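Note that the chains take the letters A, B, C, D, E and F in the order they are written out, and that residue 1 is the start of every chain.
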Amino acid sequence: MKTVVVRNIKRADAELVKRLGSIGVSTAHEAYGRFGLMKPYLRPVWAGAEAAGTAVTVLAHPGDNWMIHVAVEQCKPGDILVVGCSADNTDGMFGDLLATSLMARGVRGLIIDAGVRDAKTLREMGFPVWSKAISAKGTVKATVGAVNVPVVCAGINVVPGDAVVADDDGVVVIRRKDVADVVAKGEKRAADEDGKRKQLAEGKLGLDMYSMREALAKAGLVYVDELDED
Amino acid sequence: MKTVVVRNIKRADAELVKRLGSIGVSTAHEAYGRFGLMKPYLRPVWAGAEAAGTAVTVLAHPGDNWMIHVAVEQCKPGDILVVGCSADNTDGMFGDLLATSLMARGVRGLIIDAGVRDAKTLREMGFPVWSKAISAKGTVKATVGAVNVPVVCAGINVVPGDAVVADDDGVVVIRRKDVADVVAKGEKRAADEDGKRKQLAEGKLGLDMYSMREALAKAGLVYVDELDED
Amino acid sequence: MKTVVVRNIKRADAELVKRLGSIGVSTAHEAYGRFGLMKPYLRPVWAGAEAAGTAVTVLAHPGDNWMIHVAVEQCKPGDILVVGCSADNTDGMFGDLLATSLMARGVRGLIIDAGVRDAKTLREMGFPVWSKAISAKGTVKATVGAVNVPVVCAGINVVPGDAVVADDDGVVVIRRKDVADVVAKGEKRAADEDGKRKQLAEGKLGLDMYSMREALAKAGLVYVDELDED
Amino acid sequence: MKTVVVRNIKRADAELVKRLGSIGVSTAHEAYGRFGLMKPYLRPVWAGAEAAGTAVTVLAHPGDNWMIHVAVEQCKPGDILVVGCSADNTDGMFGDLLATSLMARGVRGLIIDAGVRDAKTLREMGFPVWSKAISAKGTVKATVGAVNVPVVCAGINVVPGDAVVADDDGVVVIRRKDVADVVAKGEKRAADEDGKRKQLAEGKLGLDMYSMREALAKAGLVYVDELDED
Amino acid sequence: MKTVVVRNIKRADAELVKRLGSIGVSTAHEAYGRFGLMKPYLRPVWAGAEAAGTAVTVLAHPGDNWMIHVAVEQCKPGDILVVGCSADNTDGMFGDLLATSLMARGVRGLIIDAGVRDAKTLREMGFPVWSKAISAKGTVKATVGAVNVPVVCAGINVVPGDAVVADDDGVVVIRRKDVADVVAKGEKRAADEDGKRKQLAEGKLGLDMYSMREALAKAGLVYVDELDED
Amino acid sequence: MKTVVVRNIKRADAELVKRLGSIGVSTAHEAYGRFGLMKPYLRPVWAGAEAAGTAVTVLAHPGDNWMIHVAVEQCKPGDILVVGCSADNTDGMFGDLLATSLMARGVRGLIIDAGVRDAKTLREMGFPVWSKAISAKGTVKATVGAVNVPVVCAGINVVPGDAVVADDDGVVVIRRKDVADVVAKGEKRAADEDGKRKQLAEGKLGLDMYSMREALAKAGLVYVDELDED
């Protein structure tokens, strides 16, 4: 692994990424064939946070945020910073100063497989962050890593320029080349769900709406009036 | 284990269950002899959620929410859906469409030993959910389980028709036959606590209010002015 | 280990502790050489809670809150109660009655390496609590421990009278003798950060503001336009 | 929940339980429709331990092994002691003295949803134990629980007299009434596996032996020579 | 993500991979710049297991081992099967039948980010396995995934054909193109360590052997005879 | 916290520490009033390891083993090295070279609240290690900490010179001034247990040997022949 900063990356189309954001994480993930979802231990630092953007990636060492400082310069408006770590870590590798710097560059949010601090200020600033922990634990600037190389973050390999969508349900990553397809399928899916929601609200059963009864019987499900014993 | 749906279950008395809800989880759990509490990893999806109802139970397989769809039909107004899983799982097995369906049937809430998604919408709908995780991870509909058989959920064996009370402090389950007794003891306990709260607010010490000093001395507790070493 | 209550402890200076509270956990922890931070599994029961005070310590046994009742009497206005446990535990060892009692004595908050209950009421009362879990699980009063001896809480050895600062970022403990020094360094640090924040908001890069470029090059970081292979 | 000791329980047939032991946990669990398996955090204290017997159940409180002492008297040759706990706990609730006592009564092993101690001696004695932790942490004898009532242990509701099989793969519990059926299916399954093992050892592919190719193609799996991009 | 099986992959050189195995995980990982190490929750099923080979990769869904059956056919002598999972899972997705099949094809071992079963038999067969859990939990064959696409396993993105080395210290993955370099550096490192080991065994201090004293003093470390206070 | 190495520490008496080792962890912990036990996540790297010695303490930063190199020089025959970490960490901070160095100085073992590597070689060397993890993850030498100051390790505050006893049941720490008392009580306790073991092996019940029946009845335990309902 080279300790390298890659300056030029190909970003997913900004307009498509915006539409992905409207679709939301759960629907985008379904539209992507149920792939690309980061592990659910990543949680928003403040409830209600939502972000969609293109990935600028950082490979950092645990307890060392030097590479995040390096990555800021590579960010453009519409990006999301994605930080992976070479070993498990919950230290507070990111705080309000770095958030100020990212906001000044038009960055939409941070996804970090480690801890962050200044949680209250991040909420007040409205800067969206998904992290593994909140911790005041300070970090050093001692070992170089890499910027804009593929990094594993919370179980997903993120390629620089990938589309990233994050909300209360988690974080999903979609390859640049797949974004248009996922947007198309996701918007259709969202429209379909509106119709289903209306029927369900009127009392229609999913069993009937999805025509599940026959398949259930075939799979061996039986209905009885009483359970004869435990 | 049969793959079965039991249609008729005996539910705890609705009026008593309502009173249990007013007592709250912590007091009801104490009144039940400190039994029946689910493990504390179950947390409300939105703070402030409260629910009390009678259990309709689901035994599901990890990552498979087919049985939840089946269970909806068995729910009546005043029920709470309780979902156990045959192996540890954090996938998002429940979302806003199923919540819409349950609300249409008068169901009071969901307790699930797995993950849920559409967290923001659930909060906006005001549908109370206690889960192990929030995750967008989609599920399949491939394997049948059971509805309205006893299921273990977060460490507690839940029998269909049991009373379930849930709030910010967790989830407690009370056998149908024990509900009247727990309501009586719990309401007495709650009344007693009001009196104690007043005394404590006025500065009375618990040491005196509960007459603990003698028992503490007998158990070997000693008071000193200074710690002489280590 | 004696089962003892120590009546007289030397407390950190109240005025200095107040200033520590204004500095906040993350900056105080940095000013203390990045020591003294409790493990990040301790979380505020309600977001936004903040407290600073002097430690009254409790060594309790798991699932047994007898010593907390004993400790209340030893508390003075401006104190924070710090509860360590002789084994891992998530039971709800503290609730609204004990909080009422502590508030009546002017106590500023609770730090507990175990669970608490009555989460909703604690939030409504505005009593700040940092705990490992929220759980309705009731406790016994069976085994004596100690009050105002040094206790390990969430990985930090807390000496009675130490300064404790807690907010959304966690909990930091500072030895009585070190408080003045940490206040001085912390206030300077906070002032410095204001200046940096302004520069970063205007778009200045941390790379330049902290003069990192030379050190990074020396450490082997290279910039490339494209990543030539995977 | 009554604090009760039940003297008479109906035990699964001893001969059938012995045959279950020969089948082993993984095959018995499959033959039971993939139900009844305790959570995999229960591990044998010493590798290679194997046991099969009928359940005598204990409901204990965390850090309190009083009920285990009570349960010994209710054990008969061929039993396995199954201990559930009313809250999560890793204390060493069982050691070599209790093991000596159980061995004197012909008990086959211990399953405990908590910790044990004297690990080395247990291994030397050859007494099989499956536990959640190994810990020297001592326990009290302060609160009564119950013996021979249904208890939840590691996620499974165990009814007194149930068959319990445990080995390196975990612990499975089978209802008394289902044992004969599981033995029949399990022995057939074990015999079938011998034939399959031979074919596989000779190089036959599972794809062909299980005739999976058509179903895979129908499910959308495609074969390509090269992956055209990442 | 396509549900695809890739037939032709470029494998790391067999002779170099063999030499990597002699170097061992810890030294290979250091020689690779401290990258490529899987998370330490992956543990050998039996102590002392060692394996080195080229990766055939599987992307499986939790609790579903269909793709492992598919992957067997793609394995050649000298390969190691690497299984990633689309969500966290501890089910026993691999057992002695699959191991028999892999051994028949000359496969050196299995790395799986999930559970395995038949632990005792795997040990007796001498088939090396590194897994997240041991569990008898059976799996289904319901959803297709992929074979020989890049997969994330225990935090590392594994490309088909990568070199994989595993022993008691964990599992390290080295890109095909980097293997020769890592072998060269690793063998040099191992030779250097032999010399150091000899000096240390004779009582030479690392402080002197690595000439650390000056750097430590510069970093602020001071020596005192007594600690004047706590 | 000063970054300091303390050269002179007062060690617990070597002969008494040796006798503590014969008593073993579980009995010593009981004789110490059930205090001093490290958290059970610390496990021996190889089963059967046993050690007793006097603590030389290290406060290290996560992923940085510089201070361990510094500490070697301060060790004397009969010591045990105890390493605490300023934040949670599982990196392999200790391996066979450091073990070689410690053995050359007569050190009895290592207790570390982090990871170690070269597990196989440590076992072959017979050097006893208790750690939180086994991991090949390499470490840096970048930040100074302290040697021979009190450190928290796995939940226990260890003072330099304390007696440390470790075996398969865990690790217990006893203050220097308390060692003689714990040896006396522990040896008496061990002798008593021999007598009890003999009685229990002959079939005497603990219920009778410890005269528990009356206390159990008083606490409300009742015996019934059958459970009338679940």
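In the analysis below, contacts are C-beta pairs under 8 Å (C-beta built on N, C-alpha and C of every residue); 3 or more make two chains touch, one makes a residue touch a chain.
Here the structure is a predicted model, which means the values were calculated and not measured.
*Asks:* Minimal path length between chain B and chain E through chains that touch?
*Replies:* Shortest path length, in steps: 1.
*Asks:* Comparing A-B against C-D, which pair counts more contacting C-beta pairs?
*Replies:* Of the two interfaces, C-D and A-B, more C-beta pairs touch across A-B.
*Asks:* Between chain F and chain D, is it the same set of residue numbers doing the touching on each side, over half shared, or a different set?
*Replies:* Different, since most residue numbers here occur in only one copy.
*Asks:* Write the angle of the rotation needed to overlay chain C on chain F, where the fit uses Cα atoms and the result is rounded to the nearest 5°.
*Replies:* The rotation relating chain C to chain F comes to 180 degrees.
*Asks:* Once you find the CA centre of chain A and the CA centre of chain C, what distance in Å lies between them?
*Replies:* 30
*Asks:* Cα centroid separation between chain B and chain F, in whole Å?
*Replies:* The mean C-alpha positions of chain B and chain F differ by 39 Å.
*Asks:* Counting only residues that touch at least 2 other chains, which ones in chain E make the list?
*Replies:* Answer for chain E, listing residues that touch two or more other chains: 3, 34, 37, 86-88, 90, 135, 137, 143, 150, 230.
*Asks:* Per the contact definition, I'd like the list of chain F residues that touch chain C in the complex.
*Replies:* Residues in contact with chain C: 1, 3, 32-37, 39, 86-88, 150, 152, 155-157.
*Asks:* Where on chain D does chain E make contact in their complex?
*Replies:* 25-26, 29-30, 34, 37, 40, 43, 47-48, 167-170, 172, 193, 196-197, 200-203, 205-207, 210, 212, 215-216, 219-227, 230
*Asks:* Which chain F residues qualify as touching chain A in the complex?
*Replies:* Going through chain F, the ones touching chain A are 61-63, 86-91, 135, 137, 140, 142-143, 230.
*Asks:* Within the complex, which stretch of chain F touches chain E?
*Replies:* Listed in rising order, the residues are 2-8, 66, 69-70, 72-73, 90, 92, 95-98, 100-101, 103-105, 115, 117-120, 133-138, 141, 143-144, 148-150.
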